[in-house]
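The two complexes that follow have chain A in common; it is paired with chain B in the first and with chain C in the second.
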Partner chain A sequence: MNILPTNNNAADTLLKIASWISGLFILLFFGYLLFDITINGISRIDLGFFHNTPVNAGRQGGIFPMLISTLWILALCLCIALPIGLATAIYLAEYTNEKQTLTRFIRRSLNIIAGVPSIVMGLFGYAFFVIALQLGFSILSGALTLAFMVLPLLIRSIEDSLRAIPQSYRLNAHALGLSQWRIIFQILLPIASQGILLAVILSIGRAMAETAALLYTSGYVMRTPDSMMDSGRSLSVHIFDLSMNVPGGEQSAYASALVLIVLLLMINIFTAFISQIIVNKSIR
Partner chain B sequence: MKTTAIPAHLKAVPDNYQVAPSASQLPTHINIENLSLIINKQLIFDSLNLPVYKNHINTLIGPSGCGKSSLLNCITRLSDYNKAKVEGQILIDENNILDKKIDLIALRRKVGMIFQKPVPFPMSIRKNFSLPLKEHGIKNRHDIEEKMEQALRAVGLWKEVSSRIDSSADKLSGGQQQRLCIARVLALEPKAILMDEPCSSLDPIATAIIEELILNLKEKYTVFLVTHNLAQARRIADFVAFMWYHDSHGKLVEHNHADVIFENPSNPITAAYVQGLTE
Partner chain C sequence: MKPPTSLKTSVLFPLNKDKILLLGLRVLAGLSVISLLFILFYLSKEAIPVFKNIESIKFFTDKSWHPLSGEYLLLPMIVGSLLIMAGAMLFSIPLGIFAAILSQFYAPAWFANVMQRLVEILSGIPSVIYGFMGIIVIVPLLARFEAPGTSVLAGVLVLSFIVLPNIVLISRNALSQVDAIHIDNAMSLGLSRYAIIRHVILPQAKSGLFTGIVLQSGRAIGETLAVLMVCGNVVQIPGSIFDPVRTLTSNIALEMAYAMDDHRSALFLSGLLLMGVVLIIILVAEKISPRENTV
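Entry: the complex of A and B
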């Protein structure tokens, strides 16, 4: 009777354990992060934190101007990046094939843009939007720069989602005499909606986390912007300032970080909800 | 069932082979004249001459790779999407549909196509009908429902799905999905229906249901069916066209009434090919 485990069993168990440990490790890390931020920051958070302006360089008071700036930059960035990203991805997936020179050139360019460090993008944004286009330090400059940073991921994800749709759907749709417009917007995009949603959520996360790029383009001053040509300080820049430049600002920094994470979570849920409604409407 | 390997001297149609002229004086609906297809510099089939008779079940049989599916794609101009080069003419009601000026949407309304694997759109059954109907100008919700019900009754699906018109078409079984695809084409009121091996991904019972449907369809529509299933061709075909290889591209070998092809074919390659069926 063989009492030793066979090789197969040991390897399988090892693999199982290793996978679990990796997963748990990630969860623990994220859990610790949340825990740390909450414990240190929760005491600063009350209703006033959200609608008051900062006092004493942010050590007291609230984060209202930063919230406005962050949401405005994010909304503007998406308004710019989504149409361009969607159009480019549709063009690449539906009107070109992967072997064409133009496709490969666009893809390579996007990969390069994706790899540019955010501080370099910030400097580019400064030189181009702030100075050359004379937009100055503004919500608009920040949103435009962020749009460039977010576009490679957006285009690639949407394009991949569309290319993953089997050709048979398109053939059947053409055989029924459907126009290209209808095929893309009423059949392909709804099918690809999960992938597109994920791309949008990742882009939002990237945009909200951006600090260096916004430092050079949307500004540093803690004022509530009145128009998109005004400058404003985003929440991420505020966290940076409080933790690095303001002695005694750590608690406010923690509180701002907590708000940023919760805001991100709420936006993700909202985006998923909206997209589910849109998809349901196009399917029924 | 006895199977026969094709003897070596029959492997290819000889260069000078002429297809016997068609024995029928019936009105033709689609006339394929001297059609050749080249995709990516590769010749798929060469100089095809084939009449498709109105209100009959015309079948096309032959081994894989002869270009049978590609031929169907040419008739609905789906070959355009493969960067295919098509030479020759396809006349439908005296118009050469290979002409650049042809209205593709109108063509695809007149000539419907059913594919091997049923592909209902992943949306509600209702939407599967309303999308093409709206494209072809029928926007009124009541009209759409009427045409949808008519088509579903014609394929025998109405009783099965009338209570779940708004549920996803994905949830239907394979046979139901294929019937849905046929209904979707029928709702557009075509004149001809092309079918590319419509039963090959279905079980025998679903196949029988679809075959009966096809037999009913020939009353109102012209049917052009590609099939690998010789028994099926025997069961339902009125006319059979047989394609075979020649120099690694396809060529039409013989075309005649179904019983002539199966009982008394004039070409020895045809005889060898259909022989497996007679056991």
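Entry: the complex of A and C
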């Protein structure tokens, strides 16, 4: 920033003006968006909004079932994605180089999975989990589908944090005659734990924002789920339904959007906090 | 790095903990390859029946999209998807790059920081919320000029705002990764600020910029619900930017709930089609990527 000389000429001024216009436009537009959602959402929110069930298709009442469903979906999604993600990341970071065929296949597959449109992932989830595995419209189907979607991000972030560990740690551990098992579980994973936490939180944020993939997997039943085989509506699906299918649902949609944004904001602050810790540690 | 294995462990204990660990890791890592194959397999399995009953040319030559009466014209949806993606990219790329140039070179540090934080937060906001704001703000605004408001233009605008934060992040990242030595050299040659940005930094950052932007266009064409909420979803090739339109993705989301037999297969086919487009986009991105990997 501001490292460049400030000698002015016409072209420079023009570029400066163009970039300020774009920057201010973005700032103003998105500032307005956040402001509008906050102002309109906050008037609808009280304590009951969080622990009441929706009334009248969500026009009145709260969002309790949606919160529970969202939590269920996120928790299950992580339970499924984390072991696979951790194993894949360890394998990629500690055991392979880019020349091996399996590694190249894994990387390419992950890149493609990361790019699959969420509605197409939803179609797959519907065909595979809902129909073929007969899980039905359930929180489990939705969580499995979401697990696929967050896997590339999760693996990439965990792998990065493993690769950030200095090579000397591994060499020293090998020199001490430690087994690979102990090097991974007692040295590398504990050191990378903050990075792994960061990866998990990033994935939660990604999963929480997902909507289209859940429409035809976890469904949109508004009841509070009793088990993971029940259908459950996530918060994001609730916002979609309120604004599309429920005339007069704007107020509740605003409020639900605000809740979701605040949750994501908390995740954002938390990630910033953790990455700051990681940066501080690596400087020291 | 390949761990050194001693003769003792490999000969005397052929199945020790480490080998089991490696085997387990390899199997779990292989799952990602298998899952991609599963995705392709199940999409194809559901899509293929449509070819048995319908000639594929019908997707382009039928009179209309009325699957219940055997009319399967997918063309307007394909046009709609491409049109809205192209429009959104056209709108958000210059805006995003200029904003990145601003925060990287022109703005004071505090302003750049505020903008960076804001854009990071915005890139995580679910697209349904953008869609909802589109319904509340953009559609009524456009309806004042020309009814009904739900239109190509509304879709383009909403989609632009969805990809814009990412484009700013990507561009800023690409700009900041230009080697400082080139900038120092350019400065010692006495080049002006504009000349350095235009002729030193942008060419250096080009492949990074392109990769990021190409990947974002993949995200744009896959975006579903936000576009569905503001586009009006009439199956037609739009005559003007104020006409409603339906994208491939919205079509899947709208009709999957009740689609049967060939109709259902046709929807899976459009899913495969989208997958194909995304695959091409990823291959292009990998080709022009400055680094080995891209996610």
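Simple rule for what comes next: the second predicted complex is superposed on the first by the 228 of 284 C-alpha atoms of A that agree within 3 Å, B and C clash if a C-alpha of one lies under 4 Å from a C-alpha of the other, contacts with A are read in each partner's own complex, and residues count from 1 in each chain.
In this text, a residue touches a chain if its C-beta (ideal position, glycine included) is under 8 Å from a C-beta of that chain, and two chains touch if they have at least 3 such contacts.
In this text the structure is predicted, and so the values were computed from the model without any measurement.
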*Where does A:Ile187 make contact in the superposed view: on chain B (first), on chain C (second), on both, or on neither?*
first
*Once the structures are superposed on A, label A:Phe35 by its partner contacts, choosing first (chain B), second (chain C), both or neither.*
neither
_A:Ala127 in the overlay: touching chain B, chain C, both, or neither? Say first, second, both or neither._
second
*For A:His174, decide between first (touching chain B), second (touching chain C), both and neither.*
both
*Specify the partner with more touching residues on chain A, choosing between chain B and chain C.*
C
*Where does A:Phe50 make contact in the superposed view: on chain B (first), on chain C (second), on both, or on neither?*
neither
*Once the shared chain is lined up, is A:Phe273 touching chain B (first), chain C (second), both, or neither of them?*
neither
*Identify the overlap between the chain B-contacting and the chain C-contacting residues of chain A.*
170, 174, 179
_Per the contact definition, I'd like the list of chain A residues that touch chain C in the complex._
1-9, 11-12, 15-16, 18-23, 25-27, 29-31, 33, 36-37, 83-84, 87-88, 90-92, 94-95, 98, 102, 105-107, 109-121, 123-124, 126-128, 132, 148, 151-153, 155-156, 167, 170, 174, 179-181, 183-184, 205-206, 208-212, 215-216, 236-237, 239-240, 243-244, 250, 253, 257, 260-261, 264-265, 267-268
*chain A to chain B touching residues, read off their complex*: 168-179, 182, 186-187, 190-191, 282-284
*asked:* If we count contacts the way the header does, which residues on chain C are in touch with chain A in the complex?
replied: 1-4, 16-18, 21-22, 24-26, 28-33, 35-36, 38-39, 42-43, 45-46, 94-96, 98-99, 101-109, 111-112, 114-115, 118-122, 124-129, 131-133, 135-137, 161, 164-165, 168, 183, 187, 192-198, 215, 218-219, 221-225, 228-229, 249, 252-253, 256-257, 267-268, 271, 274-275, 278-279, 281-282, 286, 292-295
_Contact set on chain B toward chain A in their complex_ = 76, 78, 81, 104-109, 112-113, 115, 117, 119, 121-124, 126-127, 131-132, 135-136, 166, 168, 181, 184-185, 188
